[in-house]
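Notes follow the structure.
Labels A, B and C are assigned to the chains in the order they are written; within every chain, residues are numbered from 1.
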Amino acid sequence: MSKHINLTLKVWRQKNQKEKGHFETISAPDISTEMSFLEMLDVVNEKLTLAGKEPIAFDHDCREGICGMCGAVVNGRPHGALKGTTLCQLHMRHFNDGDTIAIEPFRAMAFKIIKDLTVDRSAFDKIIQAGGYISVNAGGAQDANALPVPQDKAELAMDAAQCIGCGACVAACPNAAAMLFVSAKVSQFALLPQGRPEAARRAIAMVREMDRQGFGNCTNEAECEAECPKQISITNIARLNREFFKASFGSAVK
Amino acid sequence: MLLDGKVPSGPIKEKWDKHRFELKLVNPANKRKFDIIVVGTGLAGGSAAATLGELGYNVKAFCFQDSPRRAHSIAAQGGINAAKNYPNDGDSIWRLFYDTVKGGDFRAREANVYRLAQISNHIIDHCVAQGIPFARDYGGLLANRSFGGAQVSRTFYARGQTGQQLLLGCYSSLMRQVAAGKVTMYPRREMLDVVIVNGHAKGILVRNLITGQLERHAADAVVLATGGYGNVFFLSTNAMGSNVTAAYRAYLKGAFFANPCFTQIHPTCIPVHGTYQSKLTLMSESLRNDGRVWVPQKADDKRPPQQIPENERDYFLERKYPSFGNLVPRDVASRNAKQQCDAGKGVGSTKLAVYLDFADAIKRDGRAVIERKYGNLFEMYEKITGEDPYTTPMMIYPAVHYTMGGLWVDYNLMSNIPGLFVIGEANFSDHGANRLGASALMQGLADGYFVLPYTIGGYLAGTPKLNPATSSPEFEASERAVQAQVNKLLSIKGQRTVDDFHRQLGLIMWEYCGMSRNNAGLEKAKGLIQNLRAEFWQNVTVPGNEKDFNQSLERAGRVADFLEFAELMIIDALERQESCGGHFNEAYQTPENEALRNDEKYCHVAAWEYKGTGKAPELHKEPLVFENVHLTQRSYK
Amino acid sequence: MNWLANTLTSSIGKKLLMALTGICFCTFLSVHLAGNLTLLSGSTMFNSYAAHLHSLGVLLKVAEWGMLLLAAIHILTGLTLFYQNWRARPQSYELKKRAGGRTLGSATMPYTGILLLAFVIMHLLNFHFVDKSQTTIYAIVAAAFAKPIYVVLYVAAMIVAAIHVSHGFWSAFQTIGANHPKYMPLIKIISLAFALAVGFGFGILPIYISMGA
């Protein structure tokens, strides 16, 4: 049943990349527990706007947990504490009357803050550009069923391919590493026969680009797996490591 | 004026081949001399940009999200159709073509639909080659399911995330072209104008959403792939940023807008639960395979569903449509739910919902089977509503989902403005008055991977090269106009927020131009919209400034366009005095309350031309000829 | 050889170095522990074990220098990781909570590592770089652990070692790519068992000797 609760928000406000940010305390009275977290922010923003203040900037689009655009660290947890859930799918019934909620942006050197809770995740695009694709032009493909793929392999590939590129893994990682993201893409293609021809080049190029973008080094803390809204497993990271070693020591790719 | 769709002559099966042969080609060495702008990087725009890059053109691609991987296409759940006939159940290109024309209630162009069905198979081939992990059978071959009431299993899927996987495949091809230097990606840009030079589309004006800078981009052709306008209703299953701005501003520059009143309402969405609500979530149509739709027989029955005995329930779809039952098409299911709620039989706190009950299915098949089929959907439902659909019937209600209308294009997917191409949901082309499930993804990718890359070459090869400069007076004028609008929005400093106006517009549209329409209501809505628009320009408040990341300003521009566009929808709905597909005018129905077409008078595409502020738009008709699928009345009894 | 440098200095390469050297240390620890447990059987056994070890001569020297090299790699790489990872998040969170992936071992790796380095230096000074011509190694050990402060320090160090190993052991497998849904749970159990063995095995010795003395 819906009820209404009163909350206090401690929100990170930062005008732009260059200026220093700070926490601002904003009260959020009379919030319906049926709202999603982002709807709660909408309501707060409407009030701020009418009071002549600047609303809180935050990224979002689909609001159903698939586009990967939303995300903030809520009470110390990327996308909030509920497992397997993006911020847009987190509902206010998981909070209590009188709670104070701290809201911070995803923090990492590779994710510069644009404004308030909005960060720049273009480093992820750069990593994909380095090799997160299969080189096939439109028009030349053989019949789709000419290449059977064992069902279990296809399912494992799909488990990895579910990544929404939200960056929560980086935000959660004590080292701000992007290994779960990179491993998900490398794994998807490594598991499928279509991906094998370029596997060596892909693994090396994507890892190098990841390093170049300023992400930290993985030290197997497994926080990424625990926070990933799509529950992508770190077995993918082990697979990436294997692919990387195979490529580095066993292939001709330099 | 009668519009010419430029459909090639000859038998329908040979039109596309013949046309491809007749199209002029751009010599491979010359392709690099052409710049092409692609606005939108969803399935349509992303696939077009990648493919044009592969062919050797220089492409500039734009989207308003922070990455092309986030376009709204990512949200599609159910699947993508193709006429592969892998299950050997009698499917064929012809059947897919036939189903799509009939499902569209005979308001689509036959030749386009046939081409779509032909190409559907190549799409699957290409997507598999890209490494998209489609569902597979134990033997390792691709699995299919039946979807959206089709009588064959022709839908390919990747769990409940087909759109995501297709988009990520298309995104990876796009990223490959970015790395190759053939595509330059401009994310966080909003297109605010098309620039026309010598009558041809030769550029666009965009706002950099981070810096607020207005940027000019010139090219030899412009492709719009900016998606649908469902958000004119405020609440819809579309992503929050989906808008009509790009298409509408092209309309203001002379592009014709076709069939704007054709919108699709999806019957199985999670109901609205409060005024603060920002969007609606679709629950896959597949749920209707096992769920039974019902309402209490008595109006205003406040008992919880479990306490309502079997003989006091009304399984209205099963009662009215004994042969199709709960599986009637989307428009029929939606309208019936509305009728029940209008009669006071709606359930839930808002009384705007009907039950979708799995109790019988669970009793019959066991919980485990139901969980395997719909587990992820049930989980999503519980996340949003906090109720467990295994024990309490789901509540569902129709919601705006897709827009069949869009910018008018010919067989080449070119609008009436030479050099301006429109693909994907943004054009009007293939779905007529109602789209069948799993065919929007098919259309977006067909347009982008396999149609536009040929037809745009025909335009480029056949048109003298202009090399427009961004310093030309046309760009100057465009920037001045856009700047003026931005300044205006920021200077009003009124009392109501942008969302507040948008929400009110949505209510008007839903009430009078939604699932069922009548002339009096439409007339009334027209007045309401005009008043609301007038108030908007007096009383809206947009905080912040222009040279900044200003999300309120972004929304203000979009809502300003929705406020104008809504009126065009109403005008179109009023003009079309018949019912067809998603457009249901209460005055035109069969004795069984089905949509009653008037093929004598309305078997055409209604394309509207902008005539200036305050002037009525001018209607142009493209007559539709059905030579292969014969005009019949749909029946689902 | 550019490729080798590129490989080993990449983020995964550095982890590989940590994993391989770490596995070597785990092997060393096992041998060392087995040898030390002879202490439980009294001075003769222990002294003869030591004598046996020293009779290896040149081999022992090779092993010692090898260990030094491994240590250098492990420490330098570890410090690089520590520094780079600290830099990867210039502004830390005001409030950050764990989601359940992090363990005591994983969260403290750099710190337990530095403590262990300090301990190893002390340990070598105590028992390695001492004049053994006039006495037996057992006597030196017994003399040291007669002082309660040494007992406490050694036991504490062994707890630290156990914590370090509890993450290091399974993490090495994950890094070299040996994460398999069937075997990983076992590796995690072995990791814990090994940490306990190191902690208890080495830890009881000072207590046992101090009580015996």
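Everything below uses one rule, namely that contacts are C-beta pairs under 8 Å (C-beta built on N, C-alpha and C of every residue); 3 or more make two chains touch, one makes a residue touch a chain.
Note that the structure is predicted; figures quoted are calculated from it, not measured.
Relative to subunit A, the most remote chain by averaged C-alpha coordinates is C. Taking the mean of each chain's C-alpha atoms as its centre, the chain lying closest to the overall protein C-alpha centroid is A. Centre-to-centre separation between subunit A and subunit B, using Cα means, comes to 27 Å. Taking each chain's centre as the average of its CA atoms, subunit B and subunit C sit 62 Å apart. Computed centre separation for the pair subunit A/subunit C is 36 angstrom, with centres defined by C-alpha atoms.
On the subunit A side of its complex with subunit B, the touching residues are 2, 16, 32, 34-36, 38-39, 42-43, 46, 48-50, 52-55, 57, 59-69, 85, 89, 91, 93, 114-115, 118, 120-122, 124-125, 128-130, 132-145, 147-151, 154-155, 157-158, 161-162, 164-165, 188-189, 192, 194-195. Remark: subunit B residues 47, 50-51, 54, 65-72, 74-75, 84, 86, 122, 124-142, 158-159, 161, 163-165, 168, 171-173, 175-176, 178-179, 185, 187, 210, 239-241, 273-274, 276-279, 281-282, 349, 380, 383-386, 449-450, 453, 495, 497, 499-500, 541, 543-544, 548-549, 551-552 touch subunit A in the complex. Taken in their complex, subunit C has these residues touching subunit A: 2-3, 6-7, 10-16, 81, 84-85, 87-102, 106-107, 109, 167, 170-171, 174-181, 184.
Chain contact summary for the complex, subunit A toward subunit C: residues 12, 23, 73, 75-77, 81, 102, 104, 107-110, 172, 174-177, 179, 207-208, 210-211, 214-227, 234-235, 237-242, 244-245, 248-249, 254.
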